[in-house]
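Quick heads-up: structures coming right below.
Same chain, two partners: subunit A is paired with subunit B first, then with subunit C.
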Partner chain A sequence: MSETRYVARAANVAARMIGGEMMIMSGRDSSLFSLNETASTLWQAADGMTPMDQIALAICREFEIDEGTALRDLQEVAEALARHGILVLSDAPVPAAEPTKASP
Partner chain B sequence: MSSLMAEMGAKAMRLGIPLGAQVDLTYRCNERCVHCYLDHDDHGELTTAEVLDLLDQLADAGVFFLTLSGGEIFMRKDFFEILAHARQLLFAVKLKTNAVMIRRRQAQRIAELGVESVQISVYSHLPEVHDEITKVPGSFERTIEGARLLKSFGVKVGFATVLMKRNASDYAQVRALAKSMGIQFNVDPTITPMMDGDRTILDLNIDAAMLERVMHDPSLVDDAGEFCAPPSGPMDSEAALETLPCSAGHTACYISPYGEVYPCVQFPLASGNIRKIRFLDIWKNSPQLAQVRAIRISDLQGCSSCTHGSSCSRCPGLAFLEGNMRGPSTQDCEKSYARTGVASENLRRKNAALDRMPDAKAQLATIHWMARN
Partner chain C sequence: MSGAARGPAAVTIGGTSIALRTSDEPFLRMLEARYGAFIDCSGSRRCDDEFELELESPAGTSPDDELHVFRRDGCWHMERGDFRAHWDPAARRGKVRQSRNPYAIDAVLRIVHTLLLAGQGGALMHAASAIRDGKAYVFAGVSGAGKTTLARLAPGDVRVLSDEVSCVRKTAGGYRAYGTPFSGELAQPGENVDAPLAAIYLLAQGAENRVEPVSKAVAARAVLANTLFFAQDAQLVRAVFNSGIELAQQVPVLRLTFVPDARVWELIGTRRDMLMETVA
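== the complex of A and B ==
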C-alpha cells in the first residue's frame, strides 16, 4: 500500500462506543464487529482526507511503536475493514459522504 | 444471534446501557387497520427540533439499534430530516411502515441513508383481504410496489404478517410472495390490547386450533420438535433469582410521539417525559423503570413454579396490561399450550375456577357469544 492512500468511513455503517468498545455494524450484510484499539483509532481518523502515513504517525505516538510497524498494522487493518465494507480505501482524498461522524 | 451480538447485549445489561430504542414518530396513519392498538389523533407530537434533540440524547446514552415507527412514519413531513439526523449519529436504523407512501424518490433516499432494514406490514397475498384489514382500497398494490422499489435500490426488506381470524390461512402465500421478491418474512400470531387497556380487539385473535397449527408449522421455526417439546419444568430456583424476564427497561425502551418513555412499545408503563426530564435521567432514575428492573423470574406470581418456566415467552408488558406486571400473561400461556399441549399453572387455575362456578362459565360463554354477534 502506498503511503499516499486515503481511508474513509463507509456511508452505510452503524457504530457506537459500548462500554469503551467500538462496535460497528456493516451495512452490507449486517455483520457486527468489535474494533481493537488500532482499528478504533483508524476508524476515528478515517475522514477521507488524512493520508494513511499521517494516521500511522499518530498511531506511533499513541501506542509507542515504530512507524514501519504502525503502517504495516494499519494497512492490514484497513484492508480487512474495507473487505467487510466498513472502510473505503482510495488513492485520492475521499469527500465526506453522508452519513458520517467519527465519535458516535 | 451471533456471539458478538450476545456479548454486546450482556455488556449493555451489565452497564445499564439502552442498546435498543423504538421511537414512534407519530400515531397518525393513512390506514385504519382493524387490529391497531393506537389512537390515531395527534395529541401534540414532538416537534422536529425535539425529535432531533431526542436522537442526540439517545446516541449519548449508548443506543445503537434505533427503530423508527408509528403510526405511519411518512405521515411526518420532516421524516427524512429525522432519518438523516439519525444516520448521521450512526444508529443502526430499522423502519416500520406500510410502504403505501414509498415511491421511487423515497426508496432511493432510504437506500442512500444506509437504513439497516425496513419492515412492512402485509396481511395477505389477496388484495381484497389485505385492503379489508387496512380499510384502504388499493393499499395492497401500493404496499407491494413500495417494497419492490426498496428492493430495487438494495434495501433489506421484511414482511411482517399479524395473524387474525380474517387472514389466518394466508400466511403461507404471503411467505411465498416474500420469497419471490427476495424479502424476509415473519409472522406474529398475537393481537395485543390497545394502549389504553381496551381489550375488545383481542376478539380478532385466531382461535386455539389455528394457533396450534401455526405453532407446529415446521416452516416457521428452526426446530419444530424442540420448539413444541413438552415443558422441562420450572426454572431452577437459583437461576430464577437471577434471571430477568426480558430486555424491556433493561437494555431497551420505547418513546411515544409525545415524548413519554416506556420500558417497551408493548409495556405502557409511563416512566417519564423527555419534554420535562433528560432521557438519561429518566433511564437512570425513573422509579417505574427501577420497579421493572427489580423483577426476577422468582418474583413472578403463578409463573415461577409453572412447568413452562424454562421455555415460556411471557411478555411482562402483556402481563401489565392484564393487571399485574409480576403476574402471568394469559396470551403467552395460550401460546405455550398451543406449542406443547400442556396447560400452564395460570390456565389450570383459571379453568379450575370456572369449573367451580358453572354459572359463571355459562355467563362467560354467553358474553363471548354476544360480543361475537
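== the complex of A and C ==
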C-alpha cells in the first residue's frame, strides 16, 4: 500500500547552493545543514505540488537506482529534514515557500 | 565611603559601546578587571545602548541551563538559568536581572552584539584572531582545534585580538576584525585594536605546518558553523546566513594545519601565505 505524499520547502529557512553543495540554515534554531546530492535534488524538487513518488522517479533516472530504493531513501531523508523543520510533509499538495530572497 | 554610583560602565566592542548601569561598586570593579581595555567607567563615553543591571539571582542560577533568545512585541528577550534580560532595540534600552557571576553579563553582551552585527553584515565568530603587519587574521575551529595554543605561541610582533571569540564587521573599506574581551583558556581579554581582515584560517593540528586552499563550499560551511548566533528568529537567521556566505566569498579562507609550536607563525602573513591566497 502506498499513499501519495507531498513535500514542500519550509518557510523559515535560508538556503543557497554553494560550490555544488546545498546549504540550509534553520530559522528555528539556526542549525546548519549541508545536503548530499540526493537530498539536494529532493530539496529543489520540493515544490509542494509534485508527489514524492514522481520525485523518486526523477531521482532514479538521475542516479540510476531502482524506484523502490529511491522512494524509501527519499522518505527517510524527507522525514529527517521535516523533523528539523527544513521540509514540510503532507498528504495533500501544499504551497512551497521561497526559502530566501537574498541575492547571491 | 560614598555609595554614589560611578559610570555607567561603557563596554566597547567592534566600535559599538554598550552602557552597563549599576550602583554595585564591587561588581563594577569585577567588570573593570574582566573587560580591561574594553571598559570605560568614567561615565564620559557616549553609548549606543544602555542596560540597567539588577544583581539578584533569578529562579535558576546555572549558566549551563538552556539559553532562549526570542523577539516579542518588538523587544528581545534573553533567558538562561543565571539571567533574564530584555532589550528594546528601538529605544536602545534594556534590563538585565542576573546573578553576580560574570558569565551572565558576558552572555548578554555576546547576544546583543550578535543581534546588532547580524543586521550589519558582521558576526561574532568562535575563533581566535590576531593582527600582524597591519592585517588581521581569524583562526576558526572547534574547541581543541588550537585557538588558544596559537594565541599562546604568537610572537612579539603579533597583537592577539582574542583566543576564543572574534568580532568581524563589514565596513565601507571591506571586512575588519576587532579585539574582544571574551577569552578562552588564555583567560585574558584581547587587545582593543582592529585591522582589515586578510584571511580566515580553519585550524587543524597535524604532523606538519601547511596552508592550503579550501573549496567554496567548505569555506562557507566553516564560516557559518563558527558564527555565533543564539536567536530563534527566521528573519535574522537569513541575515546571518547571507552575511556568512558573503564573508566566505570576500575573504580568503584557508586550512591551516599545524604542529603546536612557534614555527606555525612563520606561515601567517608571509609571502608564502599570500601566494596560497591567490591559489584559493
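Here, the second predicted complex is superposed on the first by the 92 of 104 C-alpha atoms of A that agree within 3 Å, B and C clash if a C-alpha of one lies under 4 Å from a C-alpha of the other, contacts with A are read in each partner's own complex, and residues count from 1 in each chain.
Note that a contact is a pair of C-beta atoms (placed from the backbone, for glycine too) under 8 Å apart; a residue touches a chain by one contact, two chains touch by 3 or more.
Every value quoted in this text rests on a predicted model; they were computed, and no experiment measured them.
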{"item": "Contacts of A:S34 with subunit B and subunit C, given as first, second, both or neither", "value": "both"}
{"item": "A:N12 touches, of subunit B and subunit C: first, second, both or neither?", "value": "both"}
{"item": "Touching partner for A:M25 - first (subunit B), second (subunit C), both, neither", "value": "both"}
{"item": "Shared contact residues on subunit A - subunit B and subunit C", "value": "11-14, 16, 18-19, 21, 23, 25, 27, 30, 32, 34, 100"}
{"item": "Subunit C - residues contacting subunit A, complex", "value": "215-218, 220-221, 224-225, 229-235, 237-238, 240-242, 245"}
{"item": "Parts of subunit B lying in touch with subunit A, wherever the complex brings them together", "value": "2, 4-5, 7-8, 11-12, 14-15, 17, 19, 59, 62-64, 84, 87-93, 112-114, 116-117, 156"}
{"item": "Residues of subunit A defined as touching subunit B within the complex", "value": "11-19, 21, 23, 25, 27, 30-34, 98-101, 104"}
{"item": "Interface residues, subunit A side, partner subunit C - complex", "value": "11-14, 16, 18-21, 23, 25-30, 32, 34, 100, 102"}
